[in-house]
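Read from first to last, the chains carry the letters A, B, C and D; within each, the first residue is number 1.
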């Protein structure tokens, strides 16, 4: 499916500010025929860095005091892989590629070490594999209220569990924490999300099952086969859409994604297993 | 200087356990003429992974129930770079290579976001560069008691600050947190430490100044020019010397390092600027 | 029912230490025909204070360096009040006596403010009154593992919920937190507990329903009609059996309680509503 | 000195709400010739409770949906006791009246147990008595920024220490925590504060020294001899000026205090030792 998407961000910069943006479509094999443009006003030099293997694209701009805005436009065909949920099992930790290990460890907002007893008590006996991660998502969807303002940029997964409320970022952190606590590698994904209402940058997560990363969205608010990835990381800290160093105030923000053929959104949301990632390189070979 | 070093670890494994060890000397250009041997008892297959660029070496071993031990022996010449502390300044965030960015972000045990006000209040006005990081180390040395048992494997930098006590791991986390909060990239280093009494795996940290990683040890317990690196990471989570998945009990542990020529420890500890890392690749080029 | 009970505590005092003990049977109307003796070795002066209304008895002893022990023996008839659980409802907050208010507020280990969303989500729709508090106890019993060593003297109710494990103190704190969060006054009770195996100082809680304090034990380990009260307070901080100021090490501790007639423990544990408290004085009158 | 003071509070009540107010001048011997009036609009019945010994006055009002306002007016002569700071020492814990004990224990927002190492490291060697508590206040004043919005109603003393910012409530909690950690009983005081700009409900604290409660204000914003007490408690939880149970929105709030003779504020703020409390009853007698 081909999508057209983009965003408009505006800021009032009070003192010279370095922005590190991470909002362009990730460089992935399954992102096909990408066309895009990034324009800044005023026009300023951009320093760029793409993370090897992951495809996250960082753009650094040093902005002087004054009004500043950014417009990003892209069109891309999303060539998702569909799997049979019933056939996707877990891997023993002993069989995981060793370069996947960091995604088993706790990170700033994913306190999987603190949440291990909770995860084991709730999901320790669940059928392993796609089914177990799906149950984690259902549990989060049923127990955590989606509520703007319930969290802030320092909220951790264990706090979300206590508060019983959060936004997509928190849903993803909690899902990742439960997975890691159970020995399932998991990581944070930021994206443009087809079907999300109202449209916004979205956060979901990936779990590593049977040698491949599979997508999960515990908010159940977007189409899993309509997620155009921006970045992937240990947690939200690594892939904020904008990391500013300086003094500024956001003054505007619009995000959009639609089918490139202009057709309306297709019916019900899929419950298929969806992946946009290639299998990991065989890093764990003896 | 050439060092001979090694460790002996023993475990009683109750149920099949996957160990991921990270205790071999890192693959670095400044680790010269490395000779080494790793032996396991019983002899078991080892899966290996070396992290590109960083040189951390992971060894995974699946161990059946029963007694298990590991012996590592190595000899290596440490070709440190010495700098003039007075000439080492900070880089503006806008000038940092973009692949260094993750070391500015908070991580599981380095709550640099929570500690930002504290760091700014204590060190915001200090002279920038090597001098500022040195002051951070002096402050930690003067304010935090080195005390075994004061912390555990979930202790974060802000907890150490409140408890006013910790071990080398906690001193490093706090130093890293203050640096990151001030816009100085910093990361966690595990090592064999010449001069440390009693000998143990040691933890120090590196701060990124003037385009290179420089070593700092807020415990002031080892020689900065006698640190043979094992691994480097965001914080202790990433480079534990042993990450076990299974049920086991440690039953023995010995670590050693000495000058290969058998000479006694040289006089007072250096206050030079010491680095064993090459400058970062030019990832930040426009 | 008449009980014989007591305790033996021993300490090695390193530097002069003030002990404030709270281990004698509380002064309550329903504690009938109390006979008791407290002996110290060495024999030292005791300063005493009994809290008005509550009946908690504090005994302060200043102990010089050396071995120190305390023996307490008591016999008391426990005249419990039994209620019909089905007939015990909640009071509207507007109808509560105002001197009960402190037991609605969060305290050091009872983070009822942080746990309010959790309590509302789990128990907000439960039938009000004795039944609701009973469900809270069942939920705690089913979700929290009784596990020595899972907590320490700084553990709060929200931490217990995350750790899914604790001891009687933690079970009581969590029960109190859920009650307060729902608008039900609740407080911490320390006691000698007939039927507890192995015997120890026990902690349970009271909830204020229909104008009277009713006993609840989320551990389900003791007989509700065999709890001889020592003290009552906001949480464990207020009624530790021993609060030492100084340097000492506990060297021995034995607690015992048995039926005074020597009969063996009677059959199954009661699920009745049990109270040993008189209704609150009419503090809330207009 | 005679003061005239008062407050106006207004609310939009959405669903029937029980308000428990604690804003009337406390019943104290040193509050002389108190005249006052409390008027509600609409006029509603008030249930009252005055805490024995402490003098805190609670007023409960059940308010139906709609606009609601409260006006309180009072005039009182404040007969403060002045002491000589140099002559006010600390009492050994062994000499404290036992009914003072609760003010040595940690409470919800006063995490004196967690802050004990910090308190000992900073103030363990300070001269004991009034001087030590004064140093604590100076330290807080120098290290914590007075900043509206830096904290919320769940902020604890250890969080304030990390954030290096707070409001009067947080300054008081931190001062109390340091005192308790050092063995000095301390408690939270809410008051009308002559000299505070802009005028608001104020929070200070009392430390128990040489058998009497003495006032301290780590914010240094009000006159110690111009504090007309409302309430006293373990911490802010116990003496909020308004504790609402229900759904409502505050719509207005004005607080005022002035000299009854209309004279302008007298010169510099006193650094005397000031007390408005009688010595504790001799609860600790053997």
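Rule of thumb we're sticking to: contacts are C-beta pairs under 8 Å (C-beta built on N, C-alpha and C of every residue); 3 or more make two chains touch, one makes a residue touch a chain.
Just so we're clear, the structure is a prediction, and the values are computed from it rather than from any experiment.
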item: Pair of chains joined by more contacts [C-beta pairs], A-B or A-C; value: A-B
item: Rounded Å distance, subunit A centre to subunit C centre (Cα mean); value: 48
item: Inter-chain centre distance, subunit A versus subunit B - centres from mean C-alpha coordinates, in Å; value: 30
item: Multi-chain contact sites of subunit C, meaning residues that touch two or more partners; value: 114
item: Chain contact graph, described as a line, ring, star, complete graph or other shape; value: ring
item: All chain pairs that touch each other; value: A-B, A-C, B-D, C-D
item: Sites on subunit B touched by subunit A in the complex; value: 18, 20, 45-49, 51, 58, 60, 62, 92-94, 97-99, 101-102, 105-108, 110-111, 113-114, 153-154, 183, 234, 237-238, 243, 245, 283-286
item: Complex interface listing, subunit C residues touching subunit A; value: 114-115, 117-118, 121, 143, 158, 161-165
